[in-house]
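In the two assemblies presented below, chain A is common to both, partnered first by chain B and then by chain C.
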Partner chain A sequence: MSYDVKTWVDVAAFVGAGLSMGLGAIGAGIGEGLTAARATLAISRNPEASGEIFKTMLVGQAIAETAGIFGLVIAMMLLFVKNPNPSFIMVAVFIGAGLCMGFGAIGSGVGGGFPAGEACTGIARQPAMTKRLNTTMLIGSSICQTPAIFALVTALILLFSDFSALPLCPTWAAVLGAGFACGIAAIGPGIGDGLVAGACCESVARQPSSATIATTTMLLGMAVTETTAIYGLLVSFILMFKTFPATDAIAPAMALLGAGLCMGIGAIGPGIGEGLTAYSAVGQVGKNQKNSAELVRVMLVGQAVSESTGIYSLVIALVLIFVV
Partner chain B sequence: METIRQTQKKYCTRAITVAIFAGLLFILIDYKPIGKGLILGTVFSILNFILMGEMLPLKIGKTKGKTFMFSLGSIFFRYFILAIPMVMAIKLEQYNLISVVVGIFFVQVFIMADHLLDFLWSARGKQV
Partner chain C sequence: MEDLGKIHQLIVPCFGHDMVFNLEIIVMTWIVILGLICFGFLAARKKNMLPGPLQIAGELLITALFGLTGDALDEKLAKKYAPLICALFMFLVVCNWLGLIPHLEEPTKDLNTPLSLGIMGFFIAHYTGIKAKGLKRYLLDYCHPIFIMAPLNVIGELAKIVSISFRLFGNIMGGAIIILVVSHLTFSIILPPFLNAFFGIFVGTIQAFVFTMLTLVYISVQVN
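Moving on, here comes the complex of A and B:
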């Protein structure tokens, strides 16, 4: 049984579409489930605020599922956009794009659920702060979508760039590595960002007077949490735009694939860890506003230490690309 | 449910009004596929938002596991509906794919813009 190039390209497009939508729906499903579970508790605690809680849940879920819709967009493009000049490199490109968007949507989907859920709980606790809680939740949820936007950009570049002039080996590994680097690296920061935004909503509800300092600390904490997703984006851009010499050996190709995997997997832990650090700091800033400067300093030092393993992954990925 | 309906009405009205005006502008300056695509995407974005609101009460009062499974089912169902305008844009030349995708995010854009503007106004008010 033998297949022509076009058949392989179609198969890759179907697999890529399945990965993009299937993996993308996991994050959005967990995020929406988290929000609904917290809303249930909130309504049980304060049934009179159920109208506002429902409203917050609806708006929060609409933003949290944005990453899932990115997955849908890439899946539809993979399924229906015509490929006039199919080549074997497109097999790797399509699977890479699907993997990138699918993995990239998981973290942001889950992360978006935390602020929405905490905002529902906060409204039950402090109905007078509804408007401020909604704003904080939406700012937090929107920033949570940034790693998924990185994955969307990478997937679109993969889909619309012309790789056909490049040598099949090791370019196939470079494009797959790019998908892994940006997609998997988005998981940790997405979840970490969500934790920070959730803590800010909780802090605003518990200590309304701390809303401004809590929001500022949240923005700072989220910015640092996202750096490992930026490393993933950087490695995927190098893998996509650097021209690698043609070779028949398998080792250079595996080095590029390894670089993508190294950066992607290596960013999960630091992303969540930095999010946990900022989660705690944002919560404590609300309770202890007098010492907020010291708390923010400790948070930044803690995040820097937590980030070190992400930096090691970046260094090894760069060594694999440029040295090996 | 009344609060949800009011919220839906607020954002959906704004989204469709802007989409129609922007769409007509594009059609008038001879970018018909872009204008039509924007309106088509926004209509389905609104449909998705309304369905999401209608399904909300069904998620309440269940265990975490059941809520997750229901959320996943609801997502797949609504994403199937969101796929329709994209398939139309890919298959039919009279709709522009990018403007359909932009239209699909119109409700989310208006939710964020509304709260961001509120936040900026209140911050400015405090300064004055």
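Moving on, here comes the complex of A and C:
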């Protein structure tokens, strides 16, 4: 039995769509469930604020679902946008785009749930701060979606760029590697960002006077937590836009695939670790405003150290791409 | 859709090498600079006890940014670096908002802009560090915890440039690509204005603030 190119491309589109939506559903489901759990707890603690809490829960869940909707969008594109002239490289492109968006949605989905849940708890604790808590939650959970947005961008570039002129052999690995690098690298920073934003909502509710300094620290902490996702984006850009010489050997192709996997998996741990650092720092800045400058400095130095393994992954990925 | 990731370039051959100018980005950057000069001129033209709207906007911005600088650095350094921080923030905010106007593009969408600003921040931070601590203690700080770790510490410092510039570039360019693709798919109906508001105003402002704060904090980490 032998199939023509078109069949293979269709098969890849179906597999990619399944991966994109299937993996993409994991994070948003967990995050939204977490929000709802915190909301029920909050309402039982302070039934008089139930209307506000219910509203905040729904808004928060809607934002946590964004990453899942990105997965749905990519899946729909893979299913319904048909390319008139299919070529073999598109098999790898479609699977890569699906994997990228699917993995990329996990972290941001889980992460988006934390600030929404903490905002619900905070409203029960401090109903006077409802407005400020809603704003903080909106900012926090929108920034949580950044890693998912990076994955979406990579998936869109993969889908809409023309790779058919490039040599098939190393390019298939480069394209798949780009998907892995950006997608898997988004998991850790997404969860870490969520932790930080949640800590900020809690801090605002406990210490309303510290709202400004807590928000500033949150923005800084989240930005640094996302660093490894940015390394993932960097590696996947290099893999997508660099032209690799044609070869029949399997080793160079595997080096590119390995670079993607190395950067992707290497970014998970630092992302969560940096998130934990910033989580603690944001909480303490609220309690101890006088020493906030010192706390922020220690947070940044600590995050830089916990990021070093992510930097080692980046170095190895670059060596795999440019040297091997 | 064809111009996804394409840049208009002027290539000038120069002694066997090609010098590449991204014309569009240069023009856009100048638009931003001229806009900011106009704003500064208009805001400071009629200084009055009863401030006009532009003067209020200027004063609010300057007060907030001077306050943030004062929190991070000591008094003498804060006075020295606050104008830099203000200029950086205002430049980046206007850059990121420029894409809202049709036919104009964000200069930060091109990696060269954030990268050069990141390198500038890096050199300023290290210059301040050497000046504050002296060359010997500055170099000894790299041998922490033991001297074998020095190369890795240097790589860690250089990775800061990569992360700070790619954070801004990735967010702004990612937003532009998403807006382009969604506009193409929905035939520019309903969705694009909301996306422009989210990626242009919201993400643009936050990323400009984050870039400025990180530059400031890198200086503060070097000093202390």
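The working rule: the second predicted complex is superposed on the first by the 324 of 324 C-alpha atoms of A that agree within 3 Å, B and C clash if a C-alpha of one lies under 4 Å from a C-alpha of the other, contacts with A are read in each partner's own complex, and residues count from 1 in each chain.
Keep in mind that, in the parts below, a residue touches a chain if its C-beta (ideal position, glycine included) is under 8 Å from a C-beta of that chain, and two chains touch if they have at least 3 such contacts.
Computed from a predicted structure; not experimentally measured.
With the two structures aligned on chain A, chain B clashes with chain C. Of the two partner chains placed around the shared chain by superposition, chain C is the only one that A:Phe150 touches, whereas chain B remains out of contact.
In the superposed model, A:Leu168 makes contact with neither chain B nor chain C.
Contacts of A:Val5 after superposition: neither chain B nor chain C is touched.
When both complexes are overlaid on chain A, the residue A:Ile316 reaches neither chain B nor chain C. Of the two partner chains placed by superposition, only chain C is touched by A:Glu226; chain B is not.
In the superposition on chain A, A:Ile139 makes contact with both chain B and chain C. Legend: residue contacts after superposition of the two complexes on their common chain; A:Met254 is shown touching neither chain B nor chain C. Once the two complexes are overlaid on the shared chain, A:Val15 sits clear of chain B and of chain C alike.
The superposed model shows chain C running into chain B at a single listed stretch; among 1-9, 91-99, 127-135 or 181-189 it is 181-189. Chain A residues 77, 139, 142 lie at the interface with chain B in one structure and with chain C in the other. Residues 77, 139, 142-143, 146, 149-150, 152-153, 156-157, 160-161, 216, 219-220, 223-224, 226-227, 230-231, 233-234, 241, 292-293, 296-297, 300-301, 304, 307-308, 311, 314-315 of chain A are the ones that touch chain C when the two sit in their complex.
On the side of chain C, the complex with chain A involves touching residues 1, 4-5, 68, 71-72, 152, 155-156, 159-160, 162-163, 166-167, 170-171, 173-175, 177-178, 181, 185, 198, 202-203, 206, 209-210, 213-214, 217, 220-221, 224. By the touch criterion stated above, chain A contacts chain B in their complex at residues 21, 25-26, 28-30, 32-33, 36-37, 39-40, 43, 51-52, 54-55, 57-59, 61-63, 65-66, 68-69, 72-73, 76-77, 80-81, 131, 134-135, 138-139, 142. Across the interface of their complex, chain A is touched by residues 1-4, 7-8, 49, 52-53, 56-57, 59-62, 64, 67-68, 70-72, 74-76, 79, 82-83, 86-87, 90-91, 97, 101, 104-105, 107-108, 111-112, 115-116, 118-119 of chain B.
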